[in-house]
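A, B, C, D, E and F are the chain letters, set down in written order, and residue numbers restart from 1 in every chain.
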Amino acid sequence: MEAAVWVIILPLLTAFFIGISKVYVKKIFVPLVISSAIIYLYLLILVINNSYPPNVYSVGAWRLIGINLMVDPFSGLFLLIIALLFLPVIIFSVKYIKSYKHEYFIFTYIMTAGIAGMVLTADLFNLYVFLEVSSLSSCALVALKKTNKGLEGAYKYLVMSTLGSFFILLATILTYYLTGTLNIAEISLEFNEIPFKIKSALMAFFVFGYVLKIGLIPLHFWLPDTYEDSPIPYNVLSSGLVMKSAVYALIKVLYIIFGIDFLDKSGLLQIGVFWGVITFIVAHLLAFQQSNLSRLLAYSSIAQIAYIMIGLFVGTEGGLIGGNFHILNHAIMKGTLFLVTAIFYYSLSAVNIEDIKGLAYKFPILSFTFVVASLAIVGLPPFNGFISKWLIVEAALESGFVYAAFFILVGTFLSLTYYLKVIITLYTKNDKEIVVEEPGLSLSLPTIFLGSLCIVFGVVPSLPLRLINKIPTFLLDNGEYIRVLLGG
Amino acid sequence: MITPGFLYFIGAILLLFPVYEKLKYMLSFLVTVAAIIITLHLIPGYSVQLDFLTFTLVPFKVDNINKLTGLIFAVGGLAAVIYSISMCSLSHLRLIFVFIGSALTAVFSGDLFTLYVAWELMTISSSFLIIMTSDVTKKTGYYYFLMHVAGGLSLLWGIFLQYSATGNFSLNNIEVGIPFFMIAIAIKLAFVGFHTWLPLAYSKAPFYVAVILSIYTTKVGVYVMSRLLSGINSLAYAGLISALFGIAMSLKQKRVLKLLCYSIIIQVGFMIIGISIGTTEGITGAIFHLVNHILYKTVLFMVVGVVIYTTGKDSFENLGIMGRKLPITSIATFVAFMGIAGVPFFNGYMSKSIIKEAIQDPILTLGLNVMSFGTCIIFLKFIYYAFFKNSDRKVDKKPPVSMQLGIGFLTVLMLLVGIHPFFLENLTNMHVDLHYFDKKHLLSGIQPFLWSIPIFILFKKYIVKNYERFLYFDIYLNMAKLFMTTGYHLSNYHDGKLNKYLLWATSTLIILLLLFMF
Amino acid sequence: MNRINVISKKLYKIGLVVSLAIFLLFIFYDIHNLESNSKRYLSDHYISEGVQETGAINIVTSVLYDYRAFDTLGEATVLLTAAAILSFLVPITKDKMRGTPFTIIVSQTTQVFIPFLAILGMYLIFFGHLAPGGGFVGGVVIALIPILLTITYRVEFSEYKFKPDKKKVSEDIGAIGFVLIGLLGILTGSNFLANGQANVSLGDAGELISAGLIPYLNIMIGIKVGAGLAIIFNSLIKEK
Amino acid sequence: MLYFILAIILLAISTFYRVIKGPSIADRIMAMNTIGVMFLLVLVLLSFYFERKIFIDVALVYGVFLFVNVLILDKYFSKPIKEKVGD
Amino acid sequence: MQISYIAVIILFCLGIYTIISNKNIIKMVMGFTILESSLILLLILISYTPGGTAPILDRQYEIVVDPIPQALALTTIVIGGSVTAVMLAVTIKLYKRYRTLNVDKLRKLRG
Amino acid sequence: MIDLIFNMLMIFLLITAFFMVFTKDILTSVITLPIFGAILVVIFVILQAPGPAIAEAVIASGLTTFFFVITINKTEYEQNE
């Protein structure tokens, strides 16, 4: 699997070459960016196709004594998300980003490399390093506009992510001390002999560190701040990839290293589901109060991540399928919403909800896309969000979390209240004459592509589910992962 | 075999392309007529199976009851589309097509999953119909959407409970989660307590939207109730109460559309009673009543629509123009009135007779009579203003041919059903062993009508008088306020102080450690 | 009332931290009782085989640049990201730093000092696989040259000697070079960042030219870090 | 040799009093420099104690940075002079 | 030497305390530095074996300390330094905008 | 003996750390930062980790201090005038 390592190297190389092209060869900038994104898409598809059966790429050919990259269905799903989001966002931002263009692309590519690294690596410390890469570069993207709010958001983000990283690092160091290795599979084997108490303390540190990045209540406060005044195409990647990559890392650590039996015994599953329920209800209540569109979408992201966490913490096959499917769906839906918001911002610099009044009559197709995506995120049929929510609720009911299932439906209702508010404002006629700048094809095409995916995955969910269906056996029984990583 | 609902969806997709005026007419006519023809040729017992996710769905299943319902829906669709096509824009037409299509899908669905999807699609499309018409209707649309989604979610929860208990999506034997199904259907039916959306939506929305909504929204509820909740006897009393409430409310209304709205609640009461008896007769009667109700209530809405179209308002005084200047409308009004009053040889009579025949309980019989009587009184007010009160309103513009065509089509159907009630039975092989035109039924059918006329004349000044609007109390608005204030207080906690946030974070860490280690 | 509030808040904070400390103490105590020193087979392998396998006698370097070179790539990326962040946060106008001017003694000392710094940096980089240090530390020492120029003379002089654009490009070149050297492994049919496995001659351990590709990786990192830190420092100085 | 190291460290700790007390910034910088030099000595002595000559590298690099450190602290922390000098 | 783990704990908690209680941004960054130092110290402590020598094998040694944590410590130091640099840059930027170093005064983002 | 030295250094480390955190004057705490770093360097050398010791000398007592100095010069120092 040569392609696996290329998935990490190619964006890095692109970022470095953009740095050179900023100084010397300025003309090749746009072709470089676009062609690299296209090649990257090809690479990702190659890797995703080979993600089952799982295989290992050993960096430096050191096998067990070095760092390994593991391509499995779970990471295949994340690579799929990158594949779906990355090229549209890059095409979108080539026209959208006007100032600090080079930096924007450098950071975006580095961030993608970091996320790909987090997703692929099978080494605990390497995970931390790539986590740091992705969070530092995304922090830079938050501050890209250099406005007051952007800087403040960046600072808060930096503080929180660093704090989380330190706890993850502490847990990693202690893990190394206990097991003498950093390879996830070996740690998992060694962990069988570690006493319960130490394991649960380590788990608390891991959970705290990653949840700080995921943003469950009450660790969510930095998240809306980072969304408010940052370049909106970045928000697409942020909600679609950065937050999700933390979810990915957490789930990988919990399910592979600690194992489902331990999670059940230590009560994390119950705590996680309860936490998720609290989170989405509070997030919905808060989202209703927002007047800034990006902020509203950020709170909605928190709520959606809570749904995902419920799905993943239910701990059954159905729950994992539902949660993973919702990860994919949320990336698509939120991506669409943010891109439409970005076009509004581009055309008349409107980010507050009052500002978008009457825009539906200026951008009929884009507004329709917005409506589709928001109904999908609310969870109404026949869009994709409905299918994944259905799966999550079904799984929650099956494994006895009746309250969680019920509150997910309540949450659906609550989320409708604020999305409908936005939609209605969109369709209210505005007395003022609106002068808009035409977005053009390169902005609207990626948006419509993502929006159409909402419907496609809703009507034909078997398309992504073919990949996702392989995940649960893989996570619930960490034996296969260990076998592949150690022996395969 | 293709489902008629699917046909409508195809029509909606075809309308997405830039279509010019004539093609639009042709396309909609083709789609609606084709839907009727297809529905006529459905064979009961046919079903389609589909594998979706992990379950096997039956998205299309035909039997007698839903064939009849589907047929009347298709007919209503034809009439409504013809009626409204000259006024509504392309985007509206699309939404109308989706709405009708999803209603038909819901009717023909053979499992709960498809039913839920179609149910929510109806909600979405109808809400956007309301939202997108004008700026006045935005709040109404918001309210309507939220109410219906709440109902839909309640249905969904019921489905989940049912599915986790039984492991299938069968429509037939609902065992678990009946209260949730009840709430869902109650919202759709505009039951007392859940009715608040109905007068708001139908009176605020433009009349052609109201026509289309009135055909499908509540009726799908009735149909689904007949499928899921038939035979729960106690519901009959609830239906009675609902109907009595409807009578009381509709007597107070100033606006014709609102009167019609509340009268829907009354008529739905009939159907609830029929269904909750649970016998074949009762359900058949309810479904027949649904057919008849669609026919006359649609005509009434259309008539009021014509009045609004020509005069611009829907107050009672404006009805007067009907008497002389709009002949087709007047005839239609009269026929519809006779139908709704249950006068023999008009269509409402047959289904009311069946329901009455099916009832064993004396209280319910009495209640049914009272309901018929009340309906008559309400619509006598309508008739009084339309034909007997002098009006000086002028007709600004003539209603277009398409509107009158729609009205005429339904009026003819009404007459047909009224004079030859076996027509419906033969159409769907649902035979009720009942002689419609024997003395007993004729007498009981005409009695409420006959009694109502002298009483109306006696108490005319009380009934015709326009009452002041009563204090409007809506519990849902109070709940919304609670929700808003909670959110406001919560958002006040997010005051941007990083130290405070970090304190929360550390406390969470300690709590996590405590939870995991002990 | 306000005073009590403040005090209770402070007590709450201290209580939180103290309870965290108690938890940590428990955990450390438990871990300490576990006798975990037996689980060192990975590092034992590195110590016993490392010199042969990688050709570097500094095992830390061989871990950093060979066994776990992928980490170093990530680390270099972090540094590059930091440098890029700082250089784009810089405005065009320069900020005035308040400070005492240096006398001639300091500037003369600096002049004497700079060649020494260059040699020390080179030594640290080139002997990275033989002695402590390595590319990173050597890079920082080399970065001290522009830093010293900045503080003794001024930013303009430092940037006249070392152009910001050139520094940026050399930083990028260092990073690209790291990746390209890694790709040599793929070219020879082995994996990314492979060294001994890719049939690179490792030489005799202890010699200057040994350890296969590790010295070249060190050089690349040295270039990158030197340029990157110079950028960071000058950006901070200019920050407005 | 270890006694020397211990003595130096004790001296360093006592020098730290100047950092705590030192009325002016210059006192503190001076104290810090002194402690730095003491530690430089400690590093060299430790290298002899462990008999690993490579440890001298640490002392070398530390010494360089101590020098630059003091330079920077001097330049930017001592009382600013009214004329604009330096950037 | 095992007693020095307590120093790590104290340093760690001191860092956390600085972050959560100090209102000065620079002090907060300093807290992060302390936090990072404590983790590096922990890494070096777990690498140490009594009687061991540094893992630079210019000749054969009996006991050699664990080289892996040292490599990890190097990486951590660099990452920590980069993060500190970025934090300070943002701090300066924030100061120029808000004219304050008090964290509680940075309250443009709320709700 | 070396243990004693080590423990002295640890105590010194804690003293500097506490002083760094709790002193009011931010300049003083920045001046303490290189001392803190230097103690760590010595500790690392005693713990037989010359590589991290060099890196610590370079970053913690070197570059980080520079950055802090510049930051304070641009913020706090301006405020005092």
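The criterion applied here is as follows: contacts are C-beta pairs under 8 Å (C-beta built on N, C-alpha and C of every residue); 3 or more make two chains touch, one makes a residue touch a chain.
Just so we're clear, the structure is a prediction, and the values are computed from it rather than from any experiment.
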(request) Could you tell me which chains make contact with subunit D and subunit E both? (result) C, F
(request) Please flag the chain sitting at the greatest distance from subunit E, going by CA centroids. (result) B
(request) Taking CA centroids for every chain, report which one is farthest away from subunit C. (result) B
(request) Would you mind pulling out the distance in Å between where the CA atoms of subunit A average out and where those of subunit E do? (result) 28
(request) Compute the distance, rounded to whole Å, between the mean C-alpha positions of subunit B and subunit C. (result) 72
(request) Could you grab the centroid distance between subunit C and subunit E? Build each centroid from C-alpha atoms only and quote it in angstrom. (result) 15
(message) Using Cα averages as centroids, what's the distance between subunit A and subunit F in whole Å?
(response) 38
(message) Quick check: what residues of subunit C touch more than one other chain, meaning two or more?
(response) 13, 16-17, 20, 23, 26, 40, 42-43, 46, 58, 60, 68, 71, 74-75, 78, 81-82, 85, 89, 97-99, 124, 131-134, 136-137, 141, 147, 232, 236-237, 239
(request) Enumerate the residues of subunit F that touch no fewer than two other chains. (result) 48, 50-51, 53-55, 58-59, 62-63, 66-67, 70-74, 77
(message) Can you list every residue of subunit B that touches 2 or more other chains, as numbers and ranges?
(response) 491, 494, 496, 498, 502-503, 506-507, 509, 513, 517
(request) Check the chains against each other and report every pair that touches. (result) A-B, A-C, A-E, B-C, B-E, C-D, C-E, C-F, D-E, D-F, E-F
(message) Which residues of subunit D touch subunit C once you look at their complex with the stated criterion?
(response) 54-55, 57-58, 60-61, 64-65, 67-68, 71-72, 74-76, 78-81, 84-87
(message) Using the touch definition from the top, list the residues of subunit A that touch subunit E in their complex.
(response) 125, 129, 132, 136, 139-140, 143, 146, 148-149, 151-156, 158-159, 162-163, 166, 169-170, 173, 176-177, 182, 224-225, 228, 289-290, 295
(message) Using the touch definition from the top, list the residues of subunit C that touch subunit A in their complex.
(response) 23, 26-27, 30-31, 34, 36, 39-43, 45-46, 66-71, 73-75, 77-78, 80-82, 84-85, 88-89, 165, 168-169, 171-173, 175-176, 179, 182-183, 185-186, 190-195, 197-198
(request) Using the touch rule from the top, collect the residues of subunit E that touch subunit D in their complex. (result) 53-54, 56, 58
(message) With touch defined as at the start, can you tell me which subunit F residues reach subunit D in the complex?
(response) 1-2, 4-5, 8-9, 12, 15-16, 19, 23, 27-28, 31-32, 34-35, 38-39, 41-42, 45-46, 48, 50, 53-54, 57-58, 61-62, 65-66, 69-70, 72-73, 77, 81
